[in-house]
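There are structures below to look over.
Both complexes below contain chain A, partnered by chain B and then by chain C.
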Partner chain A sequence: MAVRAETLKELEEKQEWWWAAEKKRSSRLDYLRKAMWKKGAIGGLYPAGLYIDLERPVLQTEKARELEFSPDPYVIKFAKILAHVLDNKTIFITDHSQLVGYLGSQPHTITWDPTLAALLNHEVVNDPTSIPEPMDESLKTITDVANYWAGKSDLDKILPHMDLDDAMKVLSGAIGWGVPLSRGGYSGKDYEYIMSGVRAFEDVIAELDRKIEEADAKAHEPGASKEISDLYDKMNMWEAMKITLEAGIRHGKRYARLARIIAENFETDPDRKEELLQISEVCERIPAKPPRTLQESLQYDLFIQLFSRNEAIEGAWPSRPDYYHGPYYEKDVTIDKALTEEEALDLVGEFLIRAAEVSQYKVRWAREGLQGIEGTWVWTLGGVKKDGSDACNAMTIALLKAARLVRVANPTFAFRWHPKVSDEVMRECFECIRQGLGYPSMRNDPILIANAMNWHGHPIEEARTWVHQACMSPSPCTKHGFQPMRMANATANCAKIMEYVFTRGYDNVVNMQIGAETPPAETLTTYEQVFDAWVTQMKTIFSILVRPVNRARILAPKMTPRPYLSAVSERSVDSGLDVCDPSISRGNAWITAFTWVENADSLAAIKKLVFDEKKYTMAQLKEALANNWEGREEMRLDFVKNAPKWGNDDDYIDSIMLDCLREAAKFSRELKCPSGNNWPILPENVSGNIHYANIVGALPNGRRLGDALYDGGISPGPGLDKKGPTAVLKSCSKIDHISDGRAFLLNTRLSPTQLAGEKGYQLWKTYMKTWADLGIDHVQFNCVSDETLRSAQRDPEKYQEVIVRVAGYSAHFVDISRKTQDNIIQRTVQGLG
Partner chain B sequence: MPTCKECKRFFPLEEDPGKGDCVQRVIDPRQAYYQAKPVSADKDAVKCPSFEKK
Partner chain C sequence: MARMSRDDYAKASGAFGLQPRGVDTKEELEQVPDQPCGLCKHYLESAYTSDGRGSCKILKEGSDITRDPPVFILEGRNGYMLRILTDASRCTYYERNEFIDKDGYECSDPAFRRFMRQLKDK
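Showing the complex of A and B:
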């Protein structure tokens, strides 16, 4: 893309932020940003030019074959396979970069982990677009790898130990999403242990050696007990953890060596030579020893994340970069003046780019549900420290500034707002929103800290360390508080609750009895009976989704252990137990509630039109839904237009929403995770509203099979919020954001014209004050005009860099499906003031 | 028969000269980089299109 001829000022006036950023950033950042291969799937397919990386699967398979008959316990074999990959994979250093590390062997590759699930491997075998040339040879390799892991992959091993009835219902794809695996989902991290700056890999290894030595001595003292028997498993676990950390250190040193080789043998530019020697020094130290500088700290974080993604497919990136890197930023930039602000911004911007390019091959439904991005890398900024004081620092500002320079769609930020946040930081957040990034989303810190204490019993100091474990859900990053793996299949396609009330739990799309056999809809003679049936279906669906996760959590320590994640987690280093072992976790589970608001809108329509006004019977409604409203257009429009809709500060429907949430909340306290904690719900959507369009049948809110669902969380249906932004906030504020669920996503569209200048900031600040005063836990903004979005639909080439907020994540507008694009345009633009 | 150790792109490990890295410059449509892949010094280089005598 050519650099635009207009001046920076002209571009900013025209609000062409993506072109303005290009002019503003350093030549290094410009190179690195343009060097980045975007990895997010478009329409479920990976973009042209990307290829599945076959190097890692081959390394994993050759090591697994070699170890097949070795006497090592499984966890040690698994650690050795991971170490083999880190020792032997191809590494590279991109020109101008200062941070190193990538999952694949080349920048344009997507890594494939064949150890996870045969169903994933089958998709690779049949992938129409991303198999590298020469095709015949690649297919031979892929088939060999896939055949080897058939029956040996995690899911293949776990499934026979599950309730197969539940498993089939989950895998039908009608009500849930994801699989119950400890190596496929969203891994939390014990940042308080591994990122606090007081220890790094060598320190942990020393601790593991002490543990092994003590246990070994104890195991050989005279005596016998269960405790002594358990020590053998623990020693194996500690040994496996050590193998992964030692491999991590060696991997760092491989980069140190490559940087030195380039500097000494190839590079002719003295400045770049200096930088390469600096990279070499950093990687000689990191991750073995704690970081001393911002560059070391960022490199350390990057290695921690990449090693974890060598162990598992991680669909999220829980992180708090300003909190953990802030002290190094302050030291380098403010105190020692070793870096100028611009130099620091180069590092921070590159850190975002390094994260943005991370890629792991996923099954098609996951690619469709996460259109345009690789996963939900929602990084947490702001918030409070453990003592309750403001945690914002110069790194918070640097990250927000860097985001506007590199304009990646992933990672995005979520900002923990609290009353002590300075105006300077709020202005930085606003600038990102105004410039159309769609992030940071704003989170209400006091509410969410109280929520974490209420739902999961986290002590206040731990609750205050929370980060986003995925798009929305807070999880502390403490020894017992962090959740090692959120298994994504406890993600409910909640519109099915309503659908099943009319089908007695039979799913006509996948032709299977999934829900409860509630009474036939035509026999329900009161609204209360309809609501009772709804509650039964809700309980049935949630239970089907939660039980496999609970089971997988119990099976995980033995069948799908995580030696590396355990090694960077204090609970496991202390206990010798796998990080997923429920006995060492407080529990922080949640049910993601996709397609939630359709339930309230549908119930309100039934209550008003069937029972209050008696315009239709339940039998007529059932028949209309069964026929997808065909031949009943007038009736359908009645249900769309003449029934109350959520988001208009109308108590008629808002009270129904509360009834639904409170029934779910009550049941959430009956559903227990293996640690004995609760399973609260969390309404949000990613792009599930589009993915499920052809899976959810017709609904009483007037929606037809195939129509996009609402954009999610507690956001009103697109275009159905007719009474302005305050009415939306008022409806949302009727929900108790501490006790009615774990968090609630709210999408809002604002007009970029209205947000221009100081006046725009003041309008937004007033809106944010209302939002905070009303105790709402989340809000996120799209701030790109209809005109720009329509132009981008007409001429995508010209608008490659326009970013929009989809749901709990942002994406480049041109990378999402037409249906999702239309859905975003349909959202009401709220006028402020 | 040429082996990797005779190649310009081979950089032996100090602690074990029988092993080393094959370091190559790569330019793809978006970026340029140097890559390193572990190889053994005695690896057969006959079929390697990038072999260049030291």
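Showing the complex of A and C:
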């Protein structure tokens, strides 16, 4: 990428923020940012130049073969496989870097975990772009690995214990996505235990040794009981945890040795030599002992995350980096002055880059649903401390500044707004939004803390520790509050609820009876009957999705344990039980509700045009939908243009939205997770609205099969919110954001011209005040002009760095499919003021 | 569906088709039938098609196009589950798809079936 000739001021005036960032950042950050391999799929395929890393699957398979007939219990075998990978995988240190660690053996590789599911392995076999050369040789390795794990993968173990009818429906891909596995989804972490600075791996190992010693003594005293019998399993679990932590320490020391070897034998630049020796010192200590400096703290965090991704495919990165790294930043920069602000920014910026590089091979539906990114690394900033005081610190500001310098699309930030946030921090948030990053998304902290207490009964001190477990969903990071695995298949493609009302639950796209056999649509003679059918379909779909997750959570501790995640979780170190064991979790489950607003718009159209105005009959509508509106264009346009649409402060449809949400909320309290807690819904979309476009049939809101669905959450349909930003906020504020669901995503597009200068900030601040006063829990902004986006479509090479907010995440505009690009451009640009 | 043994149920419902038992050797894998289901107009992709799964728009569960003579069931509750590389040479309902674009870049484009590595030259 060539450096632009314009001055920084000129670039900023033209709002070419990506070029301006290049001029502003240090030469180290510039090098590291450009040396970074973007791993997000373009549309649904991995970009050219990236290859599947075969080293790790080969290591896993060779160790598994070696242990096949060992008398070790499964959990210890699994821990040994993980340790084998950490002990033997190729490691490297990027030039100019100060932080180390990567999942793959080379920077341009994507790691593949063959232990998860045979269907994932099949996809690797079929991958058209990422099989490394020489292909013949690679295919031999891939088929050998895939054949070994066939019948032994996690899904192979879990599936026979599922209800096959439910499993078939989930795996059809029509109503949800994902698989119910404890080693594939979104892992929360017990940060209050492992990131609080008072303990690190050696301390936990000492605790595990104590536990094993005590249990061993108890198990061999005269006597017999269930408690003693259970101790044998617990001792195995503690032993497995210890194996993974010891491997983690050895892995850190491998980096220490490598950095020292390079420094002492190869590096000629004395400054860089010094840095390498510093890396060596850091990795001699980390993760064995608690960090003392910002560099050690960031390295510790990075190792914790990477080890976890060696154990499981993690599609999210729940984190609160300003809260946990803030004390080290303050100490190094403000108190000890060991680092200048610029030096600290280099470390913080590099931390974002290291996270942006992390990638694990995912199935195509996941890549399509998360176009442009590797997973939803939504890091949580701001918020309050456990005592309710403002948690923002200098690290909050450093992270927001660093984000504008490195401009990675992943991780993104979500900011926990509360009334005590300072103007300085708000300006930093605004600056990121104004400069088109699409983040931070703004979260209403008081509302969401109350929400966590309402839905899951988290005590207030724990609720205040919440982080984003995925794009949107709050989860505490405390001993009993954090959710170790959010299994992604409790993700409902809610537009199917409406579709099934007209097909009696039969899915014409995947050719299966999935929903309930409600009465034929043509026999429904009142709107209330239609709504009853909708409620029945909603309950059926939610139940089908939730039951396999519940089942898998119960099976996971024995069949798919997670010794490493358990080892960094107080609940498991204390109890000797796997971290996923429901008995030691309070529960924090939720159903992600994709494609939700289509239901309200469709029901309103039916109510108005069929039952109020009697322009059409249900039979006519059913026939039109069955034929995908073909030959009925005039009728279709009637349903698009002359029916009320959500987001216009129109009580006619807004009350229907509330009816839908409240029926779902009522049912959410009947659906229970294995810990006995509720399953609230959480409307949001990632880019599922594009992925599902060909899977959802025609709908009464005028949508045809293949048309993009709405962009999600409670965002109005693109272009259908015609009464301005306040009307959108007022519609959204009719929802009770504490009791109607777990959270509600709201996309908003603002004009970059309008946000320019101090006036822009004041306009945005006024908007945010209205948003906060109305008690809405979420809002996120796209602030890139149509002109820029159209230009990026025409000349993608020139606009490689333009970032947009897709849904609960941001992505580089050029990395998302044309259909998604168009969908973002179609969103209404709201004028403020 | 009436209660039956899990094994019988799995066979009848096609559940085994959803979770592949394993892959063939590399050599077997490269043998793409001349008439694979993935290129048929009646092949229905699901959200998981990229690992090879799908169903037939015409045939219902209980069908078996790999047998000689093939079994065609046209009535039933669920579609016939098959895979993208299922050999459809005996299927009398086979109609080859005509692809419109050439690059198949878009996700959700039926052409992405050719992104199955084995189908790209077909």
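Basically, the second predicted complex is superposed on the first by the 833 of 833 C-alpha atoms of A that agree within 3 Å, B and C clash if a C-alpha of one lies under 4 Å from a C-alpha of the other, contacts with A are read in each partner's own complex, and residues count from 1 in each chain.
Just so it is clear, a contact is a pair of C-beta atoms (placed from the backbone, for glycine too) under 8 Å apart; a residue touches a chain by one contact, two chains touch by 3 or more.
Model, not experiment: these values are computed from the prediction.
Colleague: Please indicate which partner A:527 is in contact with in the superposed arrangement: first for chain B, second for chain C, both, or neither.
Modeller: A:527: touches no partner chain.
Colleague: So, A:761: does it touch chain B (first), chain C (second), both, or neither?
Modeller: Neither partner.
Colleague: Considering only touches as defined above, state whether A:90 meets chain B (first), chain C (second), both or neither.
Modeller: Only chain B is touched by A:90; chain C is not.
Colleague: First (chain B), second (chain C), both or neither: which does A:261 touch?
Modeller: After superposition on chain A, A:261 lies in contact with chain B alone.
Colleague: Would you check which partner chain A:691 touches, where first means chain B only, second means chain C only, and both and neither mean what they say?
Modeller: A:691: touches chain C, not chain B.
Colleague: Once the structures are superposed on A, label A:107 by its partner contacts, choosing first (chain B), second (chain C), both or neither.
Modeller: Touch partner of A:107: chain B, not chain C.
Colleague: Please indicate which partner A:159 is in contact with in the superposed arrangement: first for chain B, second for chain C, both, or neither.
Modeller: In the superposed model, A:159 contacts chain C only, not chain B.
Colleague: Considering each complex separately, which residues of chain A are in contact with chain B in the first and with chain C in the second?
Modeller: The overlap between the chain B and chain C interfaces on chain A is empty, containing no residue.
Colleague: So in the complex, which bits of chain A are touching chain B?
Modeller: 31, 34-37, 49, 87-88, 90-95, 105-108, 254, 257-258, 261-262, 265-266
Colleague: Can you list the chain B residues touching chain A in their complex?
Modeller: Counting only chain B, the residues touching chain A are 11, 21, 23, 25-26, 28-38.
Colleague: Help me check something: in the complex, which residues belonging to chain C touch chain A?
Modeller: For chain C paired with chain A, touching residues are 1, 6, 9-10, 13-15, 18-26, 29, 44-53, 55-57, 60, 77-79, 105-108, 110, 112, 115-118, 120.
Colleague: Quick check on the complex: what are the chain A residues that touch chain C?
Modeller: For chain A paired with chain C, touching residues are 43-45, 117-123, 125-128, 131, 136, 139-140, 143, 146-147, 150-151, 155-156, 159-160, 164-165, 167-168, 171-174, 177, 363-365, 368, 371, 509-513, 690-695, 706, 817-819.
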